[in-house]
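Take a look at the structures below.
Below, subunit A partners subunit B and then partners subunit C, in two separate complexes.
Right, the complex of A and B next:
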């Protein structure tokens, strides 16, 4: 980085910072999703229990314990609420990641405003063009944003009565791989920039 | 101008070569408006040196004016303009969503907690740059799929100083309305209609009445509004296009019921299919105005009296039931279209079902002009194209025929000279000759009229004038007749000795007025089946009325309908034909279904002018929907008195054998192409007393043959040949015959 234009240098430093934050966010994002997956598995399980309990013919039992169904359903609902609130806490972590990346993109694009185009598009053997790196950041920002809101919408509209487990999982996981891939790719490209101190 | 390459993705990115970008004064992450020939796009530019310098590769996620049905032209040219952008403060949107459940949900949310819907829009539009009247396609994004939102239309941005607006979390969002995807896609491209403005307005009024002045039209009145409308008229007159046009005009969703789609092979399948469609109509009507369009309703609900199958009866029952269900529903309307209203079950043709019937007839001249203007608006016309003349010569052509004429003209240009890029009047005239109007197809007695000009008929100037007065004037100058309060003549009889060109005179008249010409002879009319001849007369008149103005020509009428005998009580087929002919001439044979409107009664022979056109102060021509019967005979004494009375055959013209002057003229016509040598035509005309026109033609032919007999190499016909021919050719008329006709003329036939 010694022999580059000083104007570009500060920009690179900003990007370095941004991508480091992206690195951190990526680990947080992954971990959070992992936790979410556990919660969702049990949510799925509980929803199934709820439906079964609601529909099952437990006549014999009902004669001896008349309010057993209501009690059971109530217990399951409580459990579901617990899982949901845990999921919402996880969601907040995801939101934080989103906001951080979004801010980083804003900073980077502001810095780029003053730079001449030939500098912005200049590539070296180790460092991709500045423009490309900003573009990736933008892509990732939008992708994460969509991911977060899609998951949030799924949780917000969750009702135990209308729960369709297959569809829910499909929706929940859609786009996950693409996002991870994109982030990984971007981080690979900027590896040298990050290592450069 | 640059090559543009459109990508189908959601990123709103435009890849551009850095050099090009600096030429355009753009910088990193700035927004550009890219305009191609038919649409505009907004994109964020990203420099990319993989792209060639004069090329743009961009996503079509934010667009304007792009018709959703057309796939993007890849090898197109476009321009890019730098946009001044800012963060958007407030936006007004229309949402296009996938299906009805989502509409219901969103509408509910919009009422209870609008911030939720706002948030959804904000998330969908996150970091998009938009401008007024642009559409953002979000259907393919993950979020769009989960929300069920397909497009977002930007109605207004409330800031004039900037070109583009970037949406962020602070943007205030207001959702104006929510429309389903199907409805939105259908109304993008309304078909053009010409000449049916009055009908279109009427339909629009009925459709939109319940939505104007809600206080004025309260509950009770709404029930009075028509629920069903039956459009009837000959095929190709634009019934289907009219409905489509009205649909897009009133923003109504059209559900079309096509008979082949409905009919199924299994028992009960047909009913099931129809029920599905009716249910769909009911769901759509919860969202907004809906038209259930029954195309060719006569096949769906045929008259039960002529049927023994159960299938169609069930369909009729279903439809009747549907009509009864929607009486209090103001959003839905049923429109049926048919060209055979007689065969639609009567159950449907009563108030409460099809309340109103609108006749869409074959277009008249001004309507044809209107249609032609619309049809040719997108064609490269040369300056000599006179659409008014084209409208005049296309009598009897319906809208579909006119489209076909235009297509044929284009084809002639393409197949012809390759350098020509413009359509000339000549091409249109050729096309008109090629395309036969659909209404004339399948009519008995319609003949290809070999055109005869007045100048091709020698002499007879007096008779020519009279025929022009009787045949040409009512059709060419109806306004003059109207001014004088004259009814148009309904029938003209030409009589006179045989061979004196009665038929040719009628042909010349028909040529000059461009009317539909129907010729009937006894051979065509009489059939071995009882009742067939009468039906044929009826049919011919019906078609003639549809293709009016028209001339029905009965040659040798004495052989078709003779005098009713007083002695015999035995009624033969001739008399039945006579009676149906008399009825048709009086206008009794007009079926109720063929009448235009109940208020505008069109009597045979009356000249009607379009009332609405007069009110609008437009200089529309007075139209003549007249059917003129022209008969020719050489035995006028054999005709029935009822036929030749005024009111039926008003004008009786005597076509006399040619006098000396006329014969001279006739000779001139026949010898026009003959090489003559020292022939004195005046002498010849003196010597050919009692020769009819046909005899004179024969004489000329004989003379020419004599010349050829002399020597096959002879190059001219001389007086000698004519003299020799005169020896052999005898006149076909006799003194007594001429005297008889003259007597008849004096006391009336």
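Right, the complex of A and C next:
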């Protein structure tokens, strides 16, 4: 890295910073999704309780406690609300990750516009082309945003009456593996750049 | 000038003429204040006992639900099993659940006695027409209405627990079983307000 153009060197430094932030975000993202999973398991369970309690034949109880079903459903709804608000807090953490990556992409893409084409496309044995690295960052940025909005939409449109557990999980997990794979691949490609400090 | 000011304004005093520090020294209390402070501590301890009993009961209810659901599943496959029959292993669980129900009954009875004590103190204070605020801001009738409300919640909840105990072994399907389990866990008659009521009493009497 010593013998390269100083303009490219400073551009690489920016990218190093961006990808280090991506590494941090990847950890935060994984941890947040893990926390979300616990809440979603509870949400599934509570939704199932709500549906079963709503449909259960409990004439014996209703004779003596006519408002028991109503009160129980209300309490379950309160618990569901608690879980949803915890999930919304987790969503905010995911959004922060997305925004950090977007910002890094903006910085890096601005730098790439100021560089001549030969420098932007120059590759070495260990470092991929600057343009490629910025493009991966852009791809990841789009994927993370897509993931975030899909999950947020799923939570925003959640209603206990229309809850379909299998479908919910399928939609919640859709794209998770692809995003993880994409981030891992990109970090793998830029490993030498990150190690070169 | 200073003397004039002093004669014009009387210093601001708290109701009951006691500060919070004094309140925390429970040894100094006598009479109605002593009775109420101890009564509040009793209510708190009784509710803790109820909570313990409830969580122990939850484990038993879970076991009963599992045995019963396996049995219902088996019955659907094997038509030789009689309708309305109950698996034998439930008996021991039901005995355990009964002891929990009895503990809860005791709690409700003691809460009722404590409420009566609070009513007594309130009447005494009204009769004496003494300073009605015993601690910081509450008059005895607020203590009475608070304890009464709490007792009512637990009484209703006890009725539900009793019904669950009587009917859980006869549940015919998964939904009904889920209703019993869920109602035991969520305690629909003990609302979130109960927590606020209890905490307010503890704060008022200087326990917290």
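In this text, the second predicted complex is superposed on the first by the 197 of 197 C-alpha atoms of A that agree within 3 Å, B and C clash if a C-alpha of one lies under 4 Å from a C-alpha of the other, contacts with A are read in each partner's own complex, and residues count from 1 in each chain.
Assume a contact is a pair of C-beta atoms (placed from the backbone, for glycine too) under 8 Å apart; a residue touches a chain by one contact, two chains touch by 3 or more.
Computed from a prediction, not measured in an experiment: that's the story for all the values here.
Superposition model on subunit A: subunit B and subunit C are shown accommodated side by side without a clash. Legend: residue contacts after superposition of the two complexes on their common chain; A:131 is shown touching subunit B, with no touch to subunit C. In the superposed pair of complexes, A:71 makes contact with subunit C only, with no contact to subunit B. Between the C-alpha centres of subunit B and subunit C, as viewed from that of subunit A after superposition on chain A, lies an angle of 120 degrees, to the nearest 10. Once the two complexes are overlaid on the shared chain, A:153 sits against subunit B while remaining clear of subunit C. In the superposed pair of complexes, A:175 makes contact with subunit B only, with no contact to subunit C. Figure legend note: subunit B and subunit C, brought together by superposition on chain A, show a least Cα distance of 31 Å.
Of all residues in subunit B, those touching subunit A in their complex are 11, 13, 18, 21-22, 27-29, 46-47, 49, 120, 123, 126-127, 141-143, 145-147.
Residue ranges of subunit A in contact with subunit C, taken from their complex: 48-49, 52-53, 55-58, 60-61, 64-65, 68-69, 71-72, 74-76, 78-79. By the touch rule above, subunit A contacts subunit B in their complex via residues 109, 112-113, 115, 117-118, 120-121, 129, 131, 134-135, 138-139, 141-142, 145-147, 149-150, 153-154, 171, 174-175.
On the subunit C side of its complex with subunit A, the touching residues are 156, 159-160, 163-164, 167, 172-176, 178-179, 182-183, 186-189, 191-192.
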